[in-house]
Every structure is written in C-alpha cells, then in structure tokens.
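Common to both upcoming complexes is chain A, partnered first by chain B, then by chain C.
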Partner chain A sequence: MMRMLGFAALGLALIFLLGPFLIIAGAGFSSGDLLVFPPQGFSLRWYGAVFEIERFRESFVLSMQLAVGSTVLALLLGVPAAYAMARYQVPGGEWIRTIVTAPVIVPAIIAGLALLRYTVIPLGLPVMAALVLGHTALVAPYAVRVVTVSLTHLRPDVEEAAVLLGATRTGAFFKVVLPNIRNGMMAAFILGFITSFNQVPVSLFLTGPGVTTLPIDMLAAMEFVYDPSIAALSTLLALMSVSIVLIAERVLGLSRYV
Partner chain B sequence: MFADRRIGLALAAPALLFVGLAFLLPVGILLTEGLRTPAGWTLSRFTTFFTDPLALEVTFRTLRLGFGVTIMSAIIGYAVALAVIETGPGNRARMTALFILPLMISPVARTYAWIVLLGRTGLINKAVVGLGLSDEPLRLLFTETAVFIGLLQLFLPLMVLSLTSALENMPADVLPAARVLGAGWLTIFFRVILPLTREGLIVGGTLVFTGAVTAYITPAVLGGAKVLMLETLLYQRVSVANDIATASVIAAILIAMSIATHSLIRRITTRRRA
Partner chain C sequence: MSDPEYLALRNITIAYGKTVAVNDVSISVPQGELLALLGPSGCGKTTLMRAIAGLLPLTTGSIALNKRDITRVPANKREVGLVFQSYALFPHLSVFENVAFGLRLRKISGDQLQQRVDGAIAMVGLQGFERRLPKELSGGQQQRVALARSVVVRPSLLLLDEPLSNLDARLRLEMRSELHRLHRDLGVTMIYVTHDQTEALALADRIVVMRDGCVAQSGTPEDLYERPTSGFVARFMGFENILSVTPEGLAGEPGRLDAATSSVRDARALAWRPQNVVLGQGPFSGRVVGASYQGETTEYLIDSAAGMLKAQSPVVSQRFAPGDAINFDLPFDRAVKLAES
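So, the complex of A and B:
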C-alpha cells in the first residue's frame, strides 16, 4: 500500500517536472498564430521560424560567445588555483578557497548591479566586457570545484616521479598532470558553459541596447510575443542542454563531478 | 616538491585577484551604500525599509514562499526518494539522471511552460471552464500560487537528489528491522528514517530555500508587478527609481540569508567527513 503511494508520488513528480516541457514542445508544433495547447493543427512552421528571427539569432550568437569565452577564462584562472590548493600548503588556504568560491554565495542580480555601478561605468567598459567579467566570476567556483575533484584523484607521486626522471616542473605539469585531469576540465567546461548560457540575473543590469543574451532577450520578448515562437525556441534550447549533458555523461561520467 | 608556498600562492593569485577586484570589491561597495549618507554612517535605511509596508509585505512573502516551497519539496521529496530507492540500484542511477536533467535546462524555458499552462486560455483554465467548474477563466497567472508552483518545479530536484543520496547511505536493514519489530509506517518515518537522513534533509532544504528566496526569473514572469519578491523589488527599485540605497538594503538581507544557509551546509558536510 505504502509502496503504491510512493510510486504514485514518483510518477506525479516526474510529470510535474518534465510534463511542462512536453506541453511547450507540443505548443511549438502549432500551425496557428497563437500560443495554445493543444496546438492548432500540426506543422514545423515555428521551429523553422525561430531561426529567421534576427534578434534571437544575434543574441544566440552572443550567448554562445559569452559562454565559451567566460568559461575558458574561468578555467585559465581556476585550474592553477585548484592545483595550488590541492598540492601546496598555501598560507591561508581556507580563506583563498572561500574567496574564490564566494560568487556562489552572492545572489547574481546583486553582483550584476555592483559590477555595473562600480566597475563598468567608472571604467567605461563595453557591454561584452562587462558580461564576460560577471559570467567569469560566476563560473570560476565551478571550475575550481570540479578540477579540485579531479586533482584529488591523481596521486602527487606521478609528478614527483616525472621530475625525478628529469622533467622540469612545468613540463611535468603539462605532460603528466594536464592529460590526467582532462576529463575533469571538460566536465568543468560543460557545467560552466551551461551555467553561463542559462544565466539571467547577473546579465540583467549588464546587458545594453542591442547587445543582449538569449535568455534576457527571451524574457523581454515574453511581454509582447504571443505566438508559439518562444515555445519552439525554449524546446530547442532544452534539447540542446539535454543532449550536451547526455553526451557528456556517456563520455566523461559528468555526474561524478557535480 | 610542493613545499615552496610562494609558488602555490603565485598560482592562486590570478583567481584570487580577479574574484577579489572584479567581484567582491564592487559587491562590498554596494553593501556600504545603504549605510552611508552625505552626513555620515547610518542605519536609517534599514529602519526605513522595515517600516515601509510594501517592503515588509515583499520580505514576508519572500520568506513565506521560501519556507513554503522548502516544506512542500521535503514532503514530496521523501515520498519520491523512498520510491527511487525501492526501484533498485540499476534503475536508481537512471532515476537520478531524470531528476538532474531539468536542472540543466534554462530556467527561462522551465518557467515559460507555466504561462502556457496557467494563462487565461491555458490548459488548466480550459479544463476548469470545460468541466463547468467555473463560468469564466480563473486568474492563475500573476498570483502567489503561480510563483509557488514555478519555484517548486525549479528546486524540487535539488531536494530529491539530496534525500536520495541520504537514503542510499542509510543501512539497508534498518527498515525491515523496524517492520519486523512491529513499527507502523508513521513510527518508521519519524523514529528511523527522519533521524538517519536529517543531514540530507538540511542540505536539500537549505539549497531549496536559498534558491527560492533569491530567485528572479520565476517571480518576474509568473508574479509580475503584483507579486513582488525581494529580487524583483530590487530590480524594480533600481530600474524605475535608481534607488541604490534600497537595493543595498535588499542586497544585505539576501547575502546575510545566503551566508547563513551556506555556512550551515558547510558545517554539516565537514562534520560528516570528519
């Protein structure tokens, strides 16, 4: 009896969590001009139409560049920091970890506002630079955390052995350590990419006229677009995230790092 | 080989400087804005904020939604996590993946779905009018209920995942043992399951709570100007009135809540490892 109730709860929870996606995916197949479910007729019209909408295309490209750029930057900062904390007895190590991972604790909308008023405006930074700053800071903690997990699985002796056998320490890092944490870095890249690509609050204050990210643009469009185009776009984005995660899980075992 | 602390510090320095200068410094300045007037330091912005009826209403609503969503997700979370555990180890991994999946999808897309469902011509209103339960469509969007549903959908997976892993760590034979000794299921839950998964509940609960009180997209899309939460109030105050003092007070409240919950999680997880 209790077991039946439990499975009922499991089923209902999955419907509650995943059902809405089926609804918007379905609404996107409508051949009519209005966003309704069940859809009026059936066509791929709106799934094709989203690729023709100029503003979505521009903000999609910007979001892609931003997500790749800030994740790469976060890794360039995060990998050495994670390495330092995993291998060296750095003075004040706990404090360093706290500072580097602090962006997770500060609500992103506050970070965006603070960056805009006290960094971007005083320095006269362009919108893209402002977005890269904000997104890099938000992604950096993930990069540090995931790469740290990877590094703790790699024994320090292999590096020591490489150095004893005549490698320079830099050489040992690039030839021994990096190849061994490659999967961790890929996992960090994917998590960072998805975090940045889906990120809204930090970008709210930082985007400018004509330069905006896709999720911000979609939020703005919801106020005046009543046709199924946003439903179709949401579905395509959901499919993109899901396939990235599924492929990463197959290839890297992503869930070991989350 | 790793004895030279200076090398370690030098490797950590770029990340440290970046986060310090590009992130913590501006946030710190923003926090002091609410404490500063041309005349000197003051707490008056905080007293003004907490005597403003709208600000109070928004603060209480944010806390109410935060606790409400947390409690609801704990109730559903236990039922679901217990069922997931029952499905056996092979299915368990697949089930876990099903709960991780929605977390990877854009919250904008996840929230948008509710507009299609809850709108005036949405599926739910069609059913309500079609079944004759009401003559005209109900107002479901831009209500606190809509925001509650949206937040629950966004954060329930965090609770399920946290409780599933807590239940996995529970010794497998305690439940059959309690059953053999004649305990009813209520007794089993409150005397066995709850104490043994307390830490998982607290970790999941704090994740859901911080997520819900610091959410922006859900109250912005499903609540609008009628159902403000702290973050949407902050955005409105800044974009409409350029009111940085209020923004700074809200920032202080949100950061304080966030630090409190995060240090709670940290204490629990480090104690578990020790």
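So, the complex of A and C:
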C-alpha cells in the first residue's frame, strides 16, 4: 500500500517537473506558425529558425560574456574568502559566513531592486557594469560554498609540510592548495555559470536599452512573438544546462559540492 | 667532536590563549642524537615540535640550532624537517614529485634531482612506486614517502611526531627498526615523539619524559627504565605498584619497612614492577581478586592492606584463583625509590 502511494507520488512529481519541459519542447516541433500544444504537425523549422534571429544572437553572446565574466570575478573573490574562513580565525567569521550565504535566502528580486536603487543609480553605473556587479554578487556565495567544501578535504598540515620543505605561505597556496581545490573551483564555475546564464530577477532590474540578457530578451519577445521559436529556444537552453551539469557530474562529481 | 648543544631549547613556554601547553621547557640535544620525547596525550609534545619547526610562535624562551638563534627564523628557512602524524603528503602529486618537492624549491633539477629522489626512494624501499599517488599507497608506504620527502632535503634536524601511531602493530615494529637504521645511516639529529614507552626505549639514545607541559625526567633509556624518580615516570616505565612511604613505614603496612635497609627511609614512595612481586610466600598477606592468563605469564590483582597490587608470575609456577588468600613479598632490593609519588 505504502509502496503504491510512494510510486504514485513519485509519478506526480515527475509529471510536475518534466511536464512543462515536455510541453514546451513539443510545441517547438510544430510545423505551424502558432505556439500551441499539442503541436500542429512536426518539423524542425523552429529549432533551425532560432539561430537566424539576430536579437537573440546578440543577447546570447552578452549572456555568455556576462556569465563567464561574473563567475570568474566571483571565484577571484570567493576562493580567497573561503580560504581565509577555512584556515584562519577571521574576526566575525560566523557573520561573514551567514552574509555570504544570504542570497540563497534573500529573494533575488529584492537583491536586484536594492542593487539598482542604492548602488547602480547613485553611482551612475553603465548597464554592463551593473549586470556584472549584480551577477557576481549572485554567484559569489556559490563559489564560497563549493570551494569551502573542497578545502575541508585538504588538511592544513599539507600546506605546513610544503612550508617546512622551503615554500612560502603564498607558494604553498599556489603549489598545494590550488591544485587540490581545482575540481571544486571547476564545479563552482559551472554552477555559477548556469546560475548567471539562467538568471532573471536580478537582471530584470539591471538591463537597459540595447543591453539585455537572453532570458530577459526572451521574456520581452514573448509579448509580441507568437510563433514556436521561443519554445524551441527555451528547449535548447534547457538542454544546454542539463548537458553541462551531466558532463560535470561525470567528470567532477558535481553533486559532492552542493 | 659533536656539539653537545646542537639544538638548545631554553626556557620555552607556549600558550594558546590562557592554556599553557608547554611550560618552561629546556632541552639540549647533541648533534646526531636520537632523542625520544615521551608523554601521554595532551602533554604538549606536538605543540613543542611545531614550535621547533617554526609553525607556532614561542610565548617566551629561545631556540638555537647549530649555534644560530632561530627563534625568529620563519619555518621555511629553518631547515627543520617534520614528519606529521597524518603524513600530510601532497594528494595531487606522485610519490616521485612528493619527494622532489623540496628539491625543486631549491632549484635542483635534471640528473641531480633524479639521483637524489631515487636515492631517497630507495632508502625507504619504495622503488617501483614512483608514479603512484598517495591515495594508492598503504599507511606504511605513505609513512615511507613522508620520511623520504623530509630527509631528501638534508634537514639540520628531523622531527617525527608519533610517526608510527597510525600503523598496525606488526608494521610498527618493522618501521621502528627501519627508523633506527635510517638514523644510523644518515646521522641526522632526530627528535622522536611518542606516547609509547617501548618505542622510546627501543629507539632512543636519550629520553625526555613530559608531563602537563613540563619535563618530568630525562636520561638514557636505562636511567628511566631502572631509576624513575617520580610516580608518574615510574608508572610509564611499568612500575605499576607504587606505595607511599610514611614516617611509620610502608603505607597500610606499618612496621614492614623495618625489614628493609635504612636506605629506603628517605624515599617518599617505593615502586615495584608486577613481575617483581613474589607470590606464595613472604610477610605480606592479601587476597587474589583477579587473574588473567596472558600466555607466558599470569597477571594477578591482589587486594592487600597496602592497596591493590598487580603481580605477574610465570604460568609454570604455582597457580592461584580469585578468592584465594595469599602471602606475598615485596623485595626491597627490587624496589625503586621515588622522590614523589
């Protein structure tokens, strides 16, 4: 009986999780001109068409640049921060840990609004700088968390051993710590990249005229484009995220870090 | 002639906040000596080693190595090697690269690097394992890599912090004799930290016993084994029966001391090893409360007016069972005199 209930619940969960995706993916295969489900006929024309749309190509490139740039920045900030908290008694370390993980708790839309109202507008930041700032702040907590996990697998005495063999503290960090948290950093990069690339709420406040990310652009396009190209694009992006995560899981064991 | 004060620790105190882990310790180590630092867990051994290596600052005191004051020399410039209890190998580097690490930092390369690494790896018997990663080695093999990595840079002083404590008993014996050989072959001055007195006795030229951050006693293995001066060291060295001496005589057995020579009267306590308690005869009486068979010998627990005593006798001699009343003797010529119990 419990077994049956369990299977029923699992089935329901799968329908809720995968259902929308299957509907969107299906709608993209339509041969008609309208975004409807079930699709009218079957063709790959919309999956081909998305590559022809100029505005999506531009915002795709921007989203890529933004995701790579802000994730690299987040790692440059997050790795030293995670290292300092793991190895030294940082004054107020518990507070910093809480603040650093806060964006996981604070709704991104509030963070985006606050960033716009109290940083971007007062400082008159250009749109791209505002986006990089917002996304870096968004991604940095992931970097700190993931790198912290991989640092706990490296005993501090390994660095001390390097120092006693003649390395400086800095030398030991580059020769011993970095190589051993490399997988963690790559995992953080992938998580950060996907988080930034798919991010809507923060970007919503920070995008401006002519500078917009792909998800925001798609949101805008949906108001006047009724053909299945959006469905096809959404499906391709979802597949991209899923394959990156699957490959990362195989190569890095991504799930160990999250 | 070797320098008798090659390593000089002078009045070293080390505190973690309010906890004093090492309290006014002074030790001199002659060049080439293998000194064992012996003491129970928590007595400050690791703290002292880390301070000598430069990983921890002294609160007060000074360290001189080979006539040079190194108190403020940073750890990477001290030429002091430390073999960690956990081995602390570099997980991402092969055995070869682990051993080569210190040499590469010294800008040694090419044939010379190859030769010295090969030599060190051969010395610890790990030929053929050069390309393995640490996680592909057993505990004993990791220990050998840690040793090779430390000695290949020819440190002025080699510290080993409980290096065998993570190995099983058989491997411990094997590594113990390898360490002995290594010390003899290299002639490097070594401090060997352990909480195991048999290890200290077997390996060391000299032993320093620590208790609660202080030096309790130091001397040759014979000195400590035959002539401990305090109850603490005596217990460590296997004198498990320690009886206080009062002006009336032996505690709980007044008058019995008359039988002894007057020379024991100035002691505060007397101690006997279990195997020196004579069972089945003698002026003392008690009751057997426990007997445990240990192969060659049987160990008895005896309740007497002098307290609970532990005795050990060969299995071939007379046997006793729990509950038996028993006479026994504590021969004064086998007792050590202790200045404190």
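The working rule: the second predicted complex is superposed on the first by the 258 of 258 C-alpha atoms of A that agree within 3 Å, B and C clash if a C-alpha of one lies under 4 Å from a C-alpha of the other, contacts with A are read in each partner's own complex, and residues count from 1 in each chain.
Methods note: a contact is a pair of C-beta atoms (placed from the backbone, for glycine too) under 8 Å apart; a residue touches a chain by one contact, two chains touch by 3 or more.
Owing to the predicted nature of the structure, the values given are computational and were not obtained by experimental measurement.
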- Answer with first, second, both or neither: which of chain B and chain C does A:D33 touch in the superposed model? neither
Give one of first, second, both or neither to describe whether A:I99 is in contact with chain B, with chain C, with both, or with none.
first
- Classify the contacts of A:T168 with the two partner chains as first (chain B alone), second (chain C alone), both, or neither. second
Contacts for A:N180 in the overlay, against chain B (first) and chain C (second): which applies, first, second, both or neither? second
The chain contacting more residues of chain A, comparing chain B with chain C, is B
Considering only the touch criterion stated at the top, classify A:F7 as touching first (chain B), second (chain C), both, or neither. first
Regarding the shared-chain residue A:V144, is it in contact with chain B (first), chain C (second), both, or neither?
first
Is A:E160 in contact with chain B, with chain C, with both, or with neither (first, second, both, neither)? both
Overlap of the chain B and chain C interfaces on chain A comprises residues 160, 163
Counting only contacts in the complex, chain A reaches chain C at residues 154-155, 157-158, 160-168, 171, 175-176, 179-180
The answer for chain A against chain B in the complex is residues 2-3, 5-7, 9-10, 13-14, 16-18, 20-21, 23-24, 27, 34-37, 76-78, 80-81, 83-85, 87-91, 96, 99-100, 102-111, 113-115, 117-119, 133, 136-137, 140, 144, 156, 159-160, 163, 169, 194, 197-198, 200-201, 204-205, 215, 218-219, 222, 230-231, 234-235, 237-238, 241-242, 244-245, 249, 255, 258
Chain C residues touching chain A in their complex are 53-55, 75-78, 80-82, 84, 86, 88-92, 101-102, 105-106, 149-150, 153
Listed in rising order, the residues of chain B that touch chain A in the complex are 1-5, 7-12, 14-16, 18-20, 22-27, 29-30, 76, 79-80, 82-84, 86, 95-102, 104-110, 112-117, 121-123, 152-153, 156-157, 160, 185, 214, 216-217, 220-221, 231, 234-235, 238, 244, 247, 251, 254-255, 258-259, 262
